[in-house]
Each structure stands twice: as structure tokens, then as C-alpha cells.
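Structures incoming, each one as C-alpha cells.
The same chain A turns up in both complexes below, where it pairs with chain B and then with chain C.
== the complex of A and B ==
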């Protein structure tokens, strides 16, 4: 506005109007994504509930203590109602946070409580594994662009399944310790043999195996390499080089939204891998709990854990979308 | 499609998932070793089916833990069972269920993707209710993908499996849970294909829609993607089956062999001190790792070769020509006689050689620009103009190597010289690092793309000023934007690059170079894609910079543009600088032909008298 010029009282300041429009656009986009995430979760819950309801015969027949539980569950599960009504009731109950009670894992205990308990234990494994997967993929992607042999080895080795890697690691460490004990070099270590004891080493190995060997690293690494290659040859990176500016802040800034997407994409595989890795490394957590619940056919707990996993995946996707909205102005400005 | 082209409420889809088979754009095939994998596995399956093997009766503890020998090629486990036969027999356990999972997933995914992609009507004619159907398919796909596949598989097995049919339930569960990956990829592909000219041409020729869909799109363009997805699903099944068998529940129970339960059984035997033959777990482990490697290799187009090693490196841009290595090795002697050395202040490059592998993309490039001068570096597309200029800043791109070249710069008593050979790998100590920014500014042909999309105009110009060590008012972006021709810089400061027009972006790039303190500007096809009015404004700006004492090198294939603005024209042809003149019409030889061709086409053809 030129000096002396005064804004007319009836007209909004264009700058303020721009900010308001931008804010509204961000809110609309974020709201849309939130709705989509919530709807996806509802769909996943409906799928899980439908699977239980479609069990051949009577779902209660599958339980170990079927006759005792029948009167109680028939009413709770609404077995006398039509399929669509049961499905709707089931989804609505989950939406209100009612996941039912454990039948055989810890009889009578609320599933939501067990879910929180298992989730808290698994978080200590899940977060380092996510960091190992995404950080490893980006780091190795960068190394792969510099040195071809890194690319070949990473792709070759990272497709080896989690249990094979766990076994290789555990057997290798055990064999090494055996050999050293036989030679009289060391006394029996406190944590020997893995995974019988609590140890930081075991946890670190578990996180690495979960992050790298659940089939995650291979795909993420390839994706990271392609993204990095595209970024490093982008005109704006060349332009930064041309003015003598450091390139890595430009690359890092532009890699952030991509990395958020990668993390969200890695979540389902890593959550699934939890079941295997927690079982192999004898850790308590949601994954091991799911395995036991399946073994005991504790359906409320199984469905509760599956719903919990779906909720984490949907929340991860939503979080990634928010991060991209925040970091990428092309998405939030016209 | 740019992110802003997306419908409201939709961000670009998240990255494809991390597992094999989610990278549909990769080349099919892969190394020959990987291609024989299906035949190998199929052969093992036939052996397992045709040759009888008693999985229960093959127990003899007396021969337990034997090493490899003539009777038992891979030895025996601690129960005396033949390891080789059990490894082979394992293939029979998973092969057919694995194929079922692959077929089901491919069928459902292809059908869902086709339905969603075709009904959305990417050719601009949405079918009735098509968008709703497309969104519904996307919704179902997202909902299924939200449940991790192993958890979905366990849930399905615990509910539906009875006695010994868990593998079939696993196959169906995996087939359903993997299908959305293919559906999403194929939906996007079919949507893009429908917009392509060949589909429009087919329709114009009266080819029925059904035939276009099933033959031209699904069969011709989709089969590779679908086949790779099927292979990836088979690999996933292999991993899941082995995992469940290894963990001892829901998979294949002993004594029926599976690679997973063989590993588990033999390793527990080793740890229990049974004196187990190590091959009893190593052989199935190797088979499993090899099979997963093979499926992954087939699904992604090769592990070892990976198109990245060469992709985009040696191919160059459209029309690029690879030249035989030639020219003198002495950069000083390499410059053509037609290009006399500069006398006053200026920047001079001679004897530039750029190699892609052992082929020369630029054999002998040279140019010079004096202070207060506009020089046009001209030549047909693919002649190496951009590379010759980029070489002096070390911006030749991956896979290209600057094998020779000499730089000389003089500016008000200061001078700088050095060799370009080995750039840009020489890093901060090289001549390119010396030139970048401080002496030479770069204006890309796509100026908007040359601005960091995640930073405002203000931040980018101020960064350049900061790099030049400017403080106070000089560090502000507004002054530099005004110098670059913006009458109201305040209106531009807060804009993001995607909000700028092409002409505005060019001026921001100029402002950034000015703020950085560059004395010479290298503008690579900076008028391409701009309308006539913007081009005129840009040329005015370049003339103003010339008047202010800046040296401007304008890289262009447009001789008429060069004629309008340049003081001197240098012609590059097939990777060599061949001549220079003070105007395009005074060029001889190839240059004369080019000028004549320029005058024959398009509006504003020069009068015959203009061609000397």
C-alpha cells in the first residue's frame, strides 16, 4: 500500500484474506484426509468383523470352552441378528471404543486394556525399527548411488526373510560364544544364549531384524534410491550448486515429504513383522499377544489387535499426509 | 500431473508399499540367472510329484546326522531323513497354493484396477457413475491395505482353517490382501493410458472400446505389470508359509517337509546337541533365500543389473549424439582459430571434452564472453551447447565426465584459471567451485523448476545474498528483485515458485544471480516456453544487464533470437565449436545452412538480402 493510502473500512486486507484462504485450504485438505483415514479404518474394522461373522458354522463352536460361553456370547455378539445388523453393531461398538473382553488369553480382561499394554511394549521395538528401516533405506540409497556394490548387496541381502536373519544372527552369536567359551577366552556371558535374557543387544538386534529383514528394506531402499536420484538431478539442486550453496540442506528439505510417505508405506509390513520378531526374540508385545490369541482362538482379542494395527496404519498415513501438507507449499497454496 | 492439479481433498497417493512387486515402472526381466528361476522351481515341483517319497517312513535314527555322501547327497538330519529329498519334497507343499495366491491376487487386482481406471474415464469422458465406482474401488483397496497382511492371514487361518487346510486359507487371504497393490498401480496406469494419443487414435478408427480395453490396454500394456505382481505375490506366499511353518503353527506340520519347518527342526536339533548335519538346515535356508531372491529379482526387473547403474546416464537428452573421441589432448591448442582469445575482462572456456563412458558427448567445445557483452552460443539440438556450458560449473550430471577443458577469467585486475579435467569430482578445491556463484550465475531453461519448490522467493534470494556475504539492506531480497525488473518486489517476496509465471521465475533466477554477486550469467535456453511479450521483456532485461557491465552467455538454438540480442554468435556443431561471427547471417558453412533454414521457416522470415 502506498504511503498515505488508507484501507477502506469495508474491505479486507488482501494479505489477511490470503492467509485466511490458505488456512481454509489447509483445513479443508487436512479434514478431507482425516475423513478418508477414518473411513478407511471403518472399512478395515468392517472387514475384520465380517471375517469373524463369516466363520463356518457358529463362531462360538471354534472356542475351546464353547458350551459354557455360548449363552453369554450369543447375546453379546448378537448371533440372532441379521448379518448386516451384526456388522453395523460390531463397527459401532469399535467406534465407541468397546472392543469386548478377552475370552481365553486373560479371561474377562478388557481387550482395550490388553491392546494398550501390548502396544506400549511393542512401541520400544516399533519406533527403532521404523527409524532403522527408513533411515537405513535413505542412507543406503545414497550410498548405493555412490557405490554400485552397496546397491547390489543391499538388494540381495535385504530380501532375506526376518526369521532367517534372526536365526542366522542368533546362531552366529551363539556359535561364536560357544567357540570362545570352549577356548577358555570368556566365561559364560549373562545374556547367553540369546534370546533367553533381557539385553540391549537383543533389543537392538530385534529392531534391526524387524526394520531390515521383514522385506521392508529392499523396497524402501529402491524407492529411496530412485527419489534421491531424481532429487540430485533436479534443476533446483543444480541451481543451488551453481550459486555455490551447500546441496544437502536442499536435498534434505525436499526429501522430508518423501520420507514421510516412505515411513507410512513401511508401517503395515513392520507391524506384521512384529508378530514374527517378537515371537523369535521372546519379547512381550502386541505381536506375541496376537500369536497367542490366535492359538487360543480368543476372537475379541484377535479382532481388537487387528483393529489396533489398522488404526496405527491409518493414523500413520494421516500423519504422513499432514507432514506433507506442512512441508510442501504446492499442496497447501493455489 | 502436478500436486496442485489433484482434486481437492486428495493428496498424491502415498508411496507404493515396500515389498517386492510394488515398483511397477521397473523394467521386466532381469539377469539371465533370475529368469531361469521359474523353470528351476517348476522342475523341482515335477520331481517332487513324479518321484514318490515316503515322508513318514523315511526315518532311521541309526543313520542320523550323516554328512554328504553318495547315498545321501546332502546327508541326513538327526532322524536319519534324507535332506535332499526333503528339500525337493518341500516344493510340492507350497507350489500349488502359492500359484493360487498369485493367480487370485492378479485376477482380483487386474479386475479391480480395470474397473476403477476405465470407469473413471481418463480419456475425458467419465462413464456414468464411473467416478463413484472408481472411488469405491479405491476405498475398498485402502481398507484392505490398512490391515497388515500377516495379521490378516493369521486372522483368516485362525477363523477358517481346519486340520490341514491352513495353507489354502493362507493362499486365499494373501491373494485378497495383495490384490489392492495391483489394483492401485493398474488403475493409475490405465487412467494414464487412456489419455494417450494412440488410444484416441484407435477410437477414431472405430476400434470397439471393449477391444481397446482387453487387447490394447490389458494385454499389450498390462501383462508385464500383472505378471510381475503375480511373481511378487508368489514370493510373499513363500515367505509367509516358511515363517508359519518355522514358528510351528498354522504352517506345514512335521513330518511333511517345508523349508521353514526343516530349518526349525534341524536347528533345534543342533542346539539340543543331536550332532545335526549342518546341511540339514543350511540347504533349505539356501533354497528359501534363493527363491525369495529369484522372485524379487523377477518382480523388480533384476537385482544385480538394476537400471539405475546406467539409466539416465549415457542416454542424454532427445537428439543427443555420441561422438567418437577425437580432438587434441592439449586444451590450449584445442580452441578453433575462429575463436580469438579475449583481450579485456571476460570468461573464456576452451577445449571442453565431456565423455559418457568412452563416448564423447562434447569433443571440443569453446566459448567466451566479455564484460558488458551478450554472446549467443548457437547450434542445432543435440550439438552439445548446454553440456559445454554446464561443464564450466561442473553441472554435467551423473555418468558424464569432463575429460578436458581450460578456464580463464579476468575481472578488474583479478584473474583465475584452471583445468576442467576431472570436474566435478574435484569438489571444493576445483575450478568449478571457484566459479560457481561468485563469478558465474546460472539461469536454467526451466527457471521455475530451478527454484527450490519448498522455499519462498524471498528465502531463496536472501540465501544467495547471504552466500555473497552481504549485510544490511543489501541482504534483503527486495532490492535484488527490483534490479531484476520487478516493479513491485513486495508482491513477489512471499510467493512460492509454483505460483510464479515463467517470466517471473526467470527474473527471480536473475535476481538470485545478482544477489550472489555473479559477474557472468549463463542463460540456457532461457526463453523456451515463454510467450512473445515475456521474451521481449526478458531480452530487455538482458540488454540492461549488458549495459551494467555483466557478461551474458545466451545458449539458444534460435538464430533469430541470437540476431536480435547478441553482440557475437558462436556456433557449436556435433560437439565442436566450429566458428563465430558478429551476427548469425555472417556465419559460413554449417552456420550459413542453419541460418538459411531458420529464414525459410516460421513467421518473421528474414529478407533474402539479410543472408550474406
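== the complex of A and C ==
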């Protein structure tokens, strides 16, 4: 529409129609995502509950004199119900927003409170790990296009298991620092000894290991290289080159939906890695809590953590979709 | 590769390390934490309430936060703690205990006879489902005569009831009734009468304790921190790097390193713990005593012990320093010819490298607990020895819940590698009496039952000693399990901590007298 021209009555304004279409697309996406999230949550809760319940032993077995205590505690904790009923009760309770209380991890403590405590700690690790993973993948992907050895280096790094990387880093830094302290070169740093003392260094290392180790980086890096290659040879980039405009702003803007998709795709793997990395770095987050809850057959806590993890994955997917919709107008067109 | 390439590669590597180095440099400026006594546990207590203790980590915390009527002195003789004196009736069925007059809870309220009666009733209350109920089972009733006097009546005559009155006393005023749930708010805010009080639960699962100002004599160490270090491999490292002051138990493989460190001192202590290989007597093959004896005779226990540490080989269910250990029964030595004779008598024939019966090879499964230190080495060694003797062995490791369910509940095992730990009473009754709560091997012997009854009811210590020595001999002959060894235990403590005395079971009983530079 030319400037000053008014839309004639009875004819839809193309701009308004575009916004409406975009909104409808977002709403449709949100609805689909919500349905998907609900199904994922129910599935995750049922699956993880079933897995822990089918494992031999229960929370009462862990107590001394378990057989004497069983009749009373089984009723109190609902462990005397048939498997299917326990499973259904667990899912139904979650549906009503009741996560219950911990049985054996911290007996009596509300699961929601533990979830909040563990979730807060894990989020502090998860976000830097995501940035490290996606940022590292894009940066190294770009480098890999120019220098082949970067690709080999990333692939080499990815075959080292996370526990080995963590152990090597922790032991190496500790030994080096201790030797320097013994030689009188430095005073005892506040972060010493890793990973016992809470410190920025410990958290930075944990985030790097979580983001980069055990194949996460290699997978993302491969994707980033392909996407960058496609972007750099895209017609709009050629057009920018042809008119002498800077290429990188165009590439960066078009990279945003790609990185959002990469982040969403990497989220479940990084979330899963929390279990190992938090145990290795002695961080008391949701991952370490899940490990202990499974070991102690703390069904309500396991369920609560599964709900939390599923919710984070769904929210991550939704956030990534919104970001892609916002940054790529083509996706808003029905 | 060109020089430029090398430079670029080095640059890329350096840039990857920059965040790490920067964080390290920044963190290096932060000051080290203030000194207190820090010790490590594999797992932090899930709950701090002595009515619901499940692990040794919890028992050690209770030792610092709570007191009992009686406790051990450094010579392990029972001495009054909250009690001042006591009178035992002539028939030994009643005891009148006088409490010390100056007792206070950590919140300042007076500790009275009412608290003692409350604790006993709470332990015995079926609605409480206390894991400690067994410790009060010998008490038929408890009555507060006045604020300072408690009268206890017993189920049967008690020779030395004070030895069984070491359980921790709780403040009645903090509870609504004697029916207490594990979820009771007390777990988060425990109040005791011990030398330290709980100061804070920290987000990293550690627990900080501060000296109880009202405790007499005041503990010399003002602050104690229990740190959760789930990986045992880290624990010794943390001690070496001075990030801990005490390690409750050192892994055998860490002993040489710690022994050579001038800032760490090792303290050996004798625990009432012993390893065993249990036989499932409900299993058709193992119900035959000759098969059990043959298996026992085919194992060289000394060579199984050597790789995992030092200790004493045993022939019965007590440690060698116990008064109940029967030194007339020697530990078994490996004897292939005796193994062959016993298996032949039991109807097995040697076919090639395998013992068979009715055409079926003798195949057994060894089950061990995942968290049993060095169990893997022992099991592999045992598997190799038994396979050399012609017995096929498979191996499995179970976690705690699976262990309790499969072993204790379903009796689903053949051979079982495990360890029993006892307090000073060394009460093995439930392990060997017919249908005993811990008798999951399914052992039953009227003679042993009768001897165990005699030991339980004996007023004369000599009678108890003789009965338990006879139990030892009988068990060695019946072989419900192969008694393996008691391991030497070492605590490692920083040399900054002085005047260290360790209780073999509760560890921290004598810590009020420890000093720290």
C-alpha cells in the first residue's frame, strides 16, 4: 500500500491479515504444544514411575527392621496398592498439582519444595551449559568450515566420556594448585578443593563438561556446520554480497532460528547429562537428586523430578518455536 | 602443517581455556573458609531424629546432638551420662534411675524424667514405627516418679540394664504424643542435650553444628561440619588437600598415601564388624551341610583378604577380640581333598572340570551389595577359586533396596557376600535364632536356639560368655555361613586435631575432649 493511501472498506488490510495470521499460527502452535506437553508429562510420569516401581525393593525395604514396619508404612505410603492403581494414583495426583512428600530422600519434605531447591541449582548449570553447547557449536562450526582440524578436534573431544573429562579436569587442577600452594607460590584459593567447595570455577567447569562432553557438542557442531554452509550459500546472502552489504548481519539474523532449534534439540540430552555431571561435581541439583531418589525408591520425588524435567523440555521446545516464529517471517505465513 | 596453522590452533585452544582460567583467577581472590572440624559422609542423613535412624552416618550425628542415660567411657565401660545413679532391684526386674539435677535441653528447657519416659514410650509405640523399637523391647514399662527419678520395669531379669540404656533421649515438649511420624517437624529442627546443636542444614546437603553452650564440660571444638561426599575416591583427596579434618574410614587402597603424609595421622580402631559368605539353606543343594562345608573348604580366605586390606581371619560370628570368640575353633584352611570327599559323599561326581549331580553341574550365584567396599575384588577372587574347584559361579551386585527385597524378603540367592556390624552388645540372636528377623539364610538349630536363650537370659556374665562360645562352635560345624574376616579399620585425622579418641561404633562419642589447633 502506498503512503497516504487508505484501505477501502470491505477489503482486508494485508498488514492486519498478516498479524492475524501470525497470531493464529502462534495460538495453533501454543495449543499443539500444550497438548503435546500434557501428553509428554503424563507419559513421562507414568514411564518413570513404572520403571522405579518395577525395580526390586521399595522405600520400606531400606529401613532396618523393614518387615515389622511394613504393614504400617505400606498403608501410610500407599505401597500396599496394586501396581496399576499406584501408577494411576501417581499420575492423577500430579494432574491435580499435588506432588506429595518425599518418602526416603528427605522424609516428609514437600516434593515441590525439593523440586524448587534442586531446580534452582540445576538451572544455574543448565543455562550456561546450553550457551556453551550452542555457542561452542556455532563458533567451532564456523571454524570447521575453514580449518578441517577443528572438526577432527571436536569429534575427538566427543568420544571422551563426561566422567573421564570431569575426573581429569578436577584432579589436574587440584594437583597443580596444591603443588603451587606447597611451593609457596600462591595462597590457598577460595575454590580449593574442587569440587568440594562451592565456587565459580567449579560451576564453570561443570557447565563446560555438561555442554561439551559426551557427544553433545559433536552432534550440535555437525548440525551447525551444515546450517552455516547452507546459509552462506543462500541466495539472500549472495544478494547481500552482490550489493556490497555486510554479510554477517544477514547470516546472524538467519542463524537465530537455527540456533533456537539446535538448543531445543540439545536440551533433553543436556538435561539427562545433569544426573552424571551434578554427581561428579558434587552439586546438589535436580539431577543428583533424581539419582538419589531412584536409589532410595522415593517414588513421589522421582515423579516430581520427572514432571519438572518434562516441563523444562516442553517449555524449551515452545520457547524455541516462538523464537523461530519471531525471527523468520516465512514461518508465520500459513 | 604450516606455522600459521599451529598458531591458529594454539590460539583456538587458548581461547577455549580463557573462561576457565579467568574463573580460576577470580575465584583465587576469595578467602578460604574459617576453620572448623569437617568430616565426610557418603550420604547425608535424610532425617535427624534418633527414633528413625537407618544409617551409621545418622548414628554418628546423633552422637553429637543427643545424649543417652548411659554411654561408654574411653575404656568402653558403661558410665552414667544423663543418669547420675541407679538402683537395681534384687530380682533385677526393676531399676530406679536418678537423673543429674542440672540437665537442660539445647533450647534451655529442663530435661526431666518425663522426657525419659516419653522417649521409651515413643520407641515402643507401634504407631511410631521406630526403627529403634528393638532397643527398648526389654523394657516392660517406664514411670516418672518425680522430675528426677524414673522407674523402669523389665520383661525379664536384666544383669546389666545400663548397657542397654544408651539410646538417645528426646524432649517430650517438642512432640504432641508418643505416636510420632517420620515427617514430624522435629526432623528439621532437632533439639537434643548433646555437646553440639544443629546450627544449619546447608543447600549442599552438609550439616553445620555449633557447640552447645550449656554442655558441661564444654566441647573444645566450637564448630563441626558434616560434608556429603558421595564419591569415596574424593574423600581421601579432600583430607590430603586439607579440605577435611577427619575421615571416618579410610579405604585400604588409600592407606599408603595417607600413612606417608605428615599432616595426617591414622588411628586404627576395632569395629565389631565381620564379613561372611552366607549359604541359602532353603536352596536344595545348599541345604546339605556337606555341600556347605565343601564350599567352605574350597576357599582360601587368607588370599581373598590380602588384596583388600589387613585383618583377622575368623571361624565364628564374633571378632577375635570379643569375649565370646571361641579360640578353640580355628579358621578353616583350604583343603581340596576334603572338598572332593564331602562333595562325593553328597552325591556329586567330578566330570572333567565340573562337579555334577544327576547330570546337572553344580552352579551357584554369588550376590553382593553394591556399596560393600572392595566386594568386587573379593567376589572375583572367590569366583576364580570356586571355578577352579569345579563349581560354576555367576555374580550379581544389588543396590540397597533390591538387596533388602531379594535377600531379606524373597530369600532369592545362593551365596551371599556381606558384612554384619554390631554395637558393643554383639547381639547375634536375630541372625541365627530360628526365624530370626535377620536370619535370611534360613538357619535353624534347636541347640543354638537354646544356647541363644541362655545367653539372653543369663545374669552371670560367665554363663553368657560360655553359651555364646558354644554357639560359635556349633555354627562353625553347621556352616550356615562361612565366617570370613574382620577388617582393620583406620580413621584418618588431620594432625591439627589433638587428643583424638575414637569410639569403635559411634565414632564421635569422645569428641568433646578432642582439641583443634
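By our rule, the second predicted complex is superposed on the first by the 252 of 334 C-alpha atoms of A that agree within 3 Å, B and C clash if a C-alpha of one lies under 4 Å from a C-alpha of the other, contacts with A are read in each partner's own complex, and residues count from 1 in each chain.
Going forward, a residue touches a chain if its C-beta (ideal position, glycine included) is under 8 Å from a C-beta of that chain, and two chains touch if they have at least 3 such contacts.
Keep in mind that this is a model prediction, so the values were computed, not measured.
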Just to be sure I read the superposition right, which of the two partners does A:72 touch: chain B = first, chain C = second, or both, or neither? second
Identify the partner contact of A:186: answer first if only chain B is touched, second if only chain C is, both if each is, neither if none is. second
Regarding the shared-chain residue A:297, is it in contact with chain B (first), chain C (second), both, or neither? both
In this superposed model, does chain C or chain B come into contact with more residues of chain A? B
In the overlay, answer first, second, both or neither for which of chain B and chain C A:236 touches. first
Which of the two partners, first being chain B and second being chain C, lies in contact with A:55: first, second, both, or neither? both
Can A:147 be said to touch chain B (first), chain C (second), both, or neither? second
First, second, both or neither for A:107, with chain B first and chain C second: second
Once the structures are superposed on A, label A:279 by its partner contacts, choosing first (chain B), second (chain C), both or neither. both
Could you tell me which stretches of chain A are touched by chain B in one complex and by chain C in the other? 55-56, 59, 62, 171, 174, 279-280, 295, 297
Chain A contact footprint on chain B (complex, rising order): 2-4, 8-11, 14-20, 22-23, 139-140, 142-152, 154-160, 236, 239, 242-243, 246-247, 249-250, 260, 263, 267, 270-271, 285, 288-289, 292-293, 296, 300, 303-304, 306, 308-309, 312, 393-395, 397-398, 433, 436-438, 440-442, 444, 446, 449-456, 463-464, 467, 496-499, 509, 512-513, 516, 518
Touching residues of chain A toward chain B in the complex: what are they? 28-29, 31-33, 35-36, 39-44, 46-48, 51-52, 54-56, 59, 62, 133, 144-145, 148, 151-152, 155-156, 159-164, 167, 171, 174, 215-220, 222-223, 225-226, 229, 232-236, 238-245, 250, 253-254, 258, 261-262, 264-266, 268-269, 271-273, 275-276, 279-280, 290-291, 294-295, 297, 299, 302-303, 305-306, 309-310, 313-314, 317, 320-321, 324-325, 327-331, 333-334
Please give the residue numbers of chain C that touch chain A in the complex, ascending. 5, 8-9, 12, 19-20, 23-24, 26-33, 43, 46-47, 52-54, 126-127, 129, 131, 133-134, 181-184, 187-188, 203-205, 227-231, 234, 237-238, 241-243, 398-406, 408-409, 437
In the complex, go through chain A and note every residue touching chain C. 55-59, 61-69, 72-73, 101, 104-109, 117, 121, 143, 147, 149-150, 171, 173-174, 178, 186, 188-193, 195-201, 204-205, 208, 279-280, 282-284, 292, 295-297
